[in-house]
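You will see two complexes here that share subunit A, one where it goes with subunit B and one where it goes with subunit C.
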Partner chain A sequence: MAAVGDPTRPKAAPWLLSGPALVLFVALLLVPLLMTFVLSFNSFGFYTGIEPTFGLHNYLDVLGDEYFHEIFARTFGIALVTTLLCAAIGTPEAYFLYRMRGRWRSAVLLVVLGPLLISVVVRTLGWAILLGNRGVINTALIDLELITRPIKMMYTTGGIVIALVHVMVPFMVIAVWAALHRQDPATEQAAESLGAGPITIFFRVVLPQAMPGVLSGSLIVFSLSASAFATPAILGGRRVKVVSTTVYDEFLSTLNWPLGAAIAMLLLVAVLLVMASYNRLVERRFAQVFG
Partner chain B sequence: MAFLELKGLTKRFGEVTAVEDFDLSVERGEFVSLLGPSGCGKTTTLQMIAGFEQPTAGSIVLEGRDLVGVKARDRGIGIVFQSYALFPHMTVAENVAFGLEMRKVAPAERRRRVEEVLALVHLEPQRDRYPRAMSGGQRQRVALARALVIEPEILLLDEPLSNLDAKLREEMQLELRGIQQRMGVTTVLVTHDQTEAMALSDRIAVMQHGRLVQVAGPLEAYEHPRSDFVSSFLGKTNRLEGRIVESGPERCRVAVGELLLGAPPPPGAAAPGDGRVIVSVRPEKIEFRPAGDGLLDGSVAARIFLGDHWLYQVETPLGLLLVIRQNSGPAEVDSGGRVGLAWDAAQVRLLPFEEVA
Partner chain C sequence: MTRNGPFALLFSTLFVIFMVAPLVVVVGVSLTPEGFLEFPPSGLSLRWFQAILDNPDFIDAAWISLYLGFASATLATVLAVPAALAIGRRRFGGRDFLLALFMSPLTVPTIVLGIAFLRFLTAVGLSGTFLGLTLCHAVIITPFILRLVLASVTGLDRTIERAAESLGASSLTVFRRVTLPMIMPGVVGGWVLAFITSFDELTVTVFIVNPSTTTLPVRLFAHITQTTDPLVASISTVVILFTVALMFLIERLYGLDRLLVGESGR
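Entry: the complex of A and B
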């Protein structure tokens, strides 16, 4: 008689329970990804369409073309600056939130995380209204006679960075906030009793302990920014292209799907490489201290 | 004027009074424990001395200087936290040096003093380890070293030994007491552990419901408790309800059930009009006699061997009585046997009657 929990019987329950999620994951993520990967080796003719050949020419095209180099460099530049700004803004924000009590904390938490509830497209269009040549900011500055000609903010990398920071800061806040909750609140009191002021306490005691949170938040922000589409598409337009908008154009304007697929795969690999090497670096640094 | 003087210290959180009208004087170099069950206000009192909580009323005077309103970082008080609160991202030496760094002590001097205090707590070989890689006892020592290195006016210990296992706790008690006496640092310990308070302190301040109930040396508090609460909280006791039937300046007679016992008069004011008192007899003051020879007879309900002593539960007409006998040979009586119980009338304590909360 096979009793319940018989160790020799293969356990069906875990597989059954995770089944739906697994099916969803395989069907909607792995299969399309694999098909994109295969597609990236095919070739494209202007009159013939996609041909089921097999070669690395798409990759060689991208890797050998300065036009694409510039787009990749711009994308990672934007992602890097966005990450640094998010860390600089999100970390103190998370700390203030952590120090707040009761009702205030709930209210401010809602303000911080609220943007996540609104579609990125809507938020970015909001930034377009603010940043345009006849947008709110320029109109106000001209009316105040601080400037005579509008500052160009739309269709610039700067505009993209500002909007991306706004979109990404909540992710940083959540990551740092979680790290802050893992630390012993008495360490701040200990530092205070030893004679440290609030600023010293933040930089010498709180920040180092929250660093794993800052670093994992940076990882999230960097990878999301590097592959962001809506924000650079709306604020960068055709003039400031990033990798994801380039892929979009290859697929929908040029109809060169194989080339688009190759660019997409390169973006994926580049982001994964950055994340993996960064992760190793961080782990080596913190294994000894936090484990 | 005492070294540290707490006067009328009161702390209210909204409607809740955590500490009320607390008075305590601590002499220079003295080791005083604040002892009480959780929620008695002992930690709040410590937090007020440290400067993390502002008192609602009252004063904290250190060497004639009122500390109320002085920031925690300017008080020069060393604290060992229950969780140790070590900085996890700093090595042992960096942890200890932090306070000196804040005081802008020159690097060479800093290094010398860190080495000195690490030697005191026997942690020189671990100076470059991170707290994570250390045992509870070692972390405890780092916390102590970090608090001592700044040569604090007062050392505050917040349940410092409660996270250690029993054997280590005993070792640390001896070591802590040794270090405290060698350095002569005035120390206030907060604990709910009565054995810890008795082992370490010169004086114990017993707290209940935010108020100070009794301040006395460990022996005095144990032998002459001022209230039923102190008597039950410090060690074990047999607690009986009785009524004074005859009182005199040297000797009282008190009726407990059918039994008439002799006892010294109760402390302070005489018992209230109806003469109801709590009669407390410590279990180690009770002796066995042959059945019929003692003050009362009973049968041994349970017998527990605890190494250096035996613990007996004896079923008597007055209820279950605890008896503790030294293990100095074979057990005196067997489980189930009839015995007589006797004690010296001078060892009985009469305490004001309190309704059990």
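Entry: the complex of A and C
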């Protein structure tokens, strides 16, 4: 790039250009996160409110309580199953989409990506109408006399997973699709000319090349699912709590902000740890393949 | 390249049904003439759309969401464009730090951002204010604009700008008359994506609104967690139609796949 070391341009210019955004991000991101971190060490009394003490008791409370263990386990369980399902249906769909042409491709792409822009509250409302005890699916199954009593899907982890897959699968399709565009189409033709069937081509030629996309898509889906709020709040309510809805209740119902902040910090640390170790794992794997 | 076989078509059809099903039932339920949720509707009626007009709470919330989307997307664009110019075409110490900082709202769980904003806004006395909401939304949506503007800045041909400079244009004129028009698709695409993201935002907003600044998603969310009636379905239908209209606008202006997938998707 020619601009590097351009003597006519002052050194401070990049910082001046980024300055306004930097001020906003320091004041409204770094400072608030730091304040929340400090808050998580404070204590709370029902009559006194937040007290400026400093200790690990909130963390010890969360880490030592089976109630919170269950919530964390449920949250990461939901996130894991959602990720696996998104990979299982998003990867083939991205491949089929990659092979579509013209108007078909535009139409399917619009349907697959469009929901990303529609409010999660609206999409989850759709699932609440579909999954309820007297919802669309149960009513249809009873009318068809396939079942006699409604299957319970609202306020279950299964219902949350179905709706989360719907919310998250576009991210998987995007990631895999981008990876497929980086592969060489000639490899597929070569496999075909050597007599490989479509299933063999998909699993032996396409999938290995799409794998970086599947892996990066999985990471996005997992971290977003682990911290999803609207979907578990509407479909799980108070009965099936996850970490984010627990934080919400601590902040807006119980008003125990320090405990809520500690739970949120643990979620942040857990998500960052998963991301970091996943990246290392993936890098090592690919170092073995390409190294 | 071989064509998709029958299995691929069947799979794609089921996938498309899965993707549109929740939206179709919302629209279907909103058209019911009855006072309860039913699908398919037993008749067609705009009764529940009429009912929106009798609920000023929701209309006020919709206006706040629109104002908030405009204000925060515009603020974030004004801040992100110069930052993208610096990060995209200069090599300087701290560049990686700035990029990581500006993209970090995508990595930090939204619920954590929500309580951090609440904590901060309460401390400085801005909790529940429109200004507080605008600043917080600007932080969350900056990464979306930055990514798109960066993509258009990095591919830019510098010779035209040099020509303008050599002819005596000031750096402000060069930016306004040469650079900005060339990166305009990225800026507009980023603004629209940021607007939609702000308009839809729930997880952060739910912590920092007060009754007079409640946004549409927060109002809908509060209503749905209490009860689901055809009214929320008709309001949601309006939201769906509004978003679809914006989607077509994006498709014409910038390309939906380019906006959401990036350059590699083409």
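List of remarks:
Everything below uses one rule, namely that the second predicted complex is superposed on the first by the 274 of 291 C-alpha atoms of A that agree within 3 Å, B and C clash if a C-alpha of one lies under 4 Å from a C-alpha of the other, contacts with A are read in each partner's own complex, and residues count from 1 in each chain.
The rule is short, and it goes like this: a contact is a pair of C-beta atoms (placed from the backbone, for glycine too) under 8 Å apart; a residue touches a chain by one contact, two chains touch by 3 or more.
Predicted model only: the values in this text are computed from it and were never measured.
Contact with subunit C, but none with subunit B, is seen for A:Leu113 once the two complexes are overlaid on the shared chain. Shared-chain residue A:Gln209: touches subunit B; no touch with subunit C. Touch criterion met: A:Thr200 reaches subunit B, while subunit C stays clear of it.
Subunit A has more of its residues touched by C than by the other of subunit B and subunit C.
In the superposed model, A:Ala233 lies in contact with subunit C only, and not with subunit B.
Look at A:Gln189: by the touch rule set out above, it reaches both subunit B and subunit C. When the two structures are aligned on the shared chain, A:Leu33 is found in touch with subunit C, with no touch to subunit B. Shared contact residues on subunit A (touching subunit B in one structure, subunit C in the other): 189, 192. Those residues of subunit B that touch subunit A in the complex are listed here as 50-52, 72-79, 81-83, 85-89, 98-99, 102-103, 130, 132-133, 146-147, 150.
On the side of subunit C, the complex with subunit A involves touching residues 1-5, 8-9, 11-12, 15-16, 18-26, 29, 37, 39, 78-80, 82-83, 85-87, 89-92, 94-95, 98, 101-102, 104-105, 107-113, 115-120, 123, 135-136, 138-139, 142, 158, 196, 199-200, 202-203, 206-207, 217, 220-221, 224-225, 228, 232-233, 236, 239-240, 243-244, 246-247, 251, 256-257, 260-262, 264-266.
Across the complex, subunit B is touched by residues 183-184, 186-187, 189-197, 200, 204-205, 208-209, 211, 288-291 of subunit A. Within the complex formed with subunit C, the residues of subunit A that make contact are 1-4, 9, 11, 13-15, 17-18, 20-22, 24-25, 28-33, 35-36, 39, 89, 92-93, 96-97, 99-100, 108-130, 132, 136, 139, 163, 166, 169-170, 174, 177-178, 181-182, 185, 188-189, 192, 198, 223, 226-227, 229-230, 233-234, 237, 243-244, 247-248, 251-252, 257, 260-261, 264-265, 267-268, 271-272, 275.
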